[in-house]
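Labels A, B and C are assigned to the chains in the order they are written; within every chain, residues are numbered from 1.
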């Protein structure tokens, strides 16, 4: 029985690489989401639309300037400011009220942004070419360097976020506010400002993910939906508010999906994510790395 | 400002404060004052509204009626983080230090304010470590790993980093062993010598009478008695009536 | 299932047997002992006040008796029956009712309905077919409970519209509607004005005639007026136990309260 030779090793390794690439983008999207939830207790249903707007902005700036990197920075910056404006106008007045209100508000914002994008850009999928066009040989494939680069850049951004949270003044403010919002205020930390800043940060990260993903999958008004759904699964499986957990969960789920799509079609491979979600909720509802936090 | 004018304007003045917790009417018109540099005690049994009074001053509890004045200006609707920045520090019951932050990070939160030079930060740290040598030893440890007494020290140290004009201290000796209780007494006295005002909520009557210049006694959300600490002692009828059994 | 209710006055009710007998009750949370081997005995018809400083273990004690918390070790006997570790609903069925520190009434129904639902838990609980208003004995029981707490005139008011004091009294009324043998009151006068406190004190005195009452309170005036006996807790153990006069003269109790 030569079972070993019937296992498609090369395909598995290729899918491992693909899984890690998708996983890192997903991790970037999910970290913004889990940051916003962990610190502000806000379930941001508009996160996918911020991703989508970032992608569109990136496309526009690239078309105007011809430079992908400028597009990335501008998109992240503009969407971060948009995020801050949204938070101040719609979410800040709701602080301390029933969390259901914030869910409704962010859901409403997502509908508005989606329809705006439909009206503004139409349904045709926009394409943008990758900034790094070269390939390398991976077994029998010509594998794009850009994909490897995206994984690396996403990891770098997440790493920078970690360093920021751990060592910078604003990072200490964020961590203090997460642990005890009341005492953070009593210690002079401007908590409303911290909340706005965190939301802007999360929005910027979503936008950056959108731009990075654009060359891989094209840009359409509904592109955010798939990603936000997976991001929520990642956040729940990794443990809500747990940054390290979401990263591990994002890679894990993406790898599982990538492997599954060797045997079934990609749209069916998505089922794997839902199975992971159900198993987590059944056996460890606080998430793989989650702990019950007392507020 | 002349000395007469200085004593005319209290540092903190609470007038006719009414607060509710849902429908529960906790404070029924509390009024008190704290002069600059004074240590004022707030005594009373459990549940009479002592902690609520402190929380109302620092803006963590909304006042339905009445007002809070700081240096003569109304601060009743000023958000808590602004009050911390202008000199009102709060040390709650059960300390509530940031358990997952290190001792240094807990302190840092206090001096990472606008207008504090690097030099001043070092001076503040030195001062706080002189007051609390044990914190210097544990400066890189997570707050949650400290003992109860050490957490209390950290909570007070953290408040001192705000360079406050008044510290609202809520039951600092609760749950501490006698040796730590006398350390707290020394700290209160040292802060008083530095000119920091203290509004001290305590269940420990002797400690309060010894360290404060005036005391208020609260019962059922109202001030029932107010006098200089020197006028009463532990066996006084008023103490027995409102605090004893 | 209809419950037989013992209507004999407390003194005739097998007066030798305590209604509540607690042996070596211990509750540990991790390394912390919230209660250490507490022994406690309550005679039928008593009004027993439980007092003590913050963190002394009073709430933990209450929670064990009323089934909210499962003790680490020890035994609780109610009317001779072991109820240690039973769930809160089972304990309610056995005849122990509790009022809470934070008002627990249902705000969107009338006062009468609040009491009627409580009464229903003890009778006809499983009868799905008949309309709820056709159980006249339940309505009667609910009205009696409301009358006992002075709220009969407000029977058709929505509970949310009652004043704070009235809501606290309704809380007691709901507990009464379950026809308890032992009523546990957790800081019933919290957040009340002096006037409301006096009314509640009179109320408790009235209903105490047919019941045994265990009450946690910080209001010493109320405690001294109402209680037939007082138990003082400190650091998870019983510090003293006696009549109000005895407790007042106990130097250790004064010390604990005044922290001399």
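Methods note: contacts are C-beta pairs under 8 Å (C-beta built on N, C-alpha and C of every residue); 3 or more make two chains touch, one makes a residue touch a chain.
Computed from a predicted model, the values in this text were never measured in an experiment.
**Student:** Relative to chain B, which chain's C-alpha centre is the most remote?
**Tutor:** Chain A.
**Student:** Which chain's mean C-alpha position is nearest the mean C-alpha position of the whole protein set?
**Tutor:** B
**Student:** Between chain B and chain C, tell me the centre distance in angstrom, where each centre is the average of that chain's C-alpha atoms.
**Tutor:** 36
**Student:** Compute the distance, rounded to whole Å, between the mean C-alpha positions of chain A and chain B.
**Tutor:** 44
**Student:** Express in whole angstrom the distance between the two chain centres, defined as the mean CA positions of chain A and chain C.
**Tutor:** Taking the average C-alpha coordinate of chain A and of chain C, the gap between them is 52 Å.
**Student:** Give every residue of chain C touching chain B within the complex, in rising order.
**Tutor:** Listed in rising order, the residues are 51, 53-55, 102-103, 163-164, 167, 187, 190-194, 197, 218-220, 232, 247-248, 250, 253-254, 257-260.
**Student:** Which residues of chain B touch chain A in their complex?
**Tutor:** 58-60, 79-81, 84-85, 89-90, 92, 96-101, 105, 108-110, 112-113, 158, 162
**Student:** Sort out for me which residues of chain A touch chain B in the complex.
**Tutor:** 169, 172-173, 175-176, 179-180, 182-192
**Student:** Quick check on the complex: what are the chain B residues that touch chain C?
**Tutor:** 20-26, 28, 45-48, 171, 174-175, 203-207, 220, 234, 239-240, 243-245
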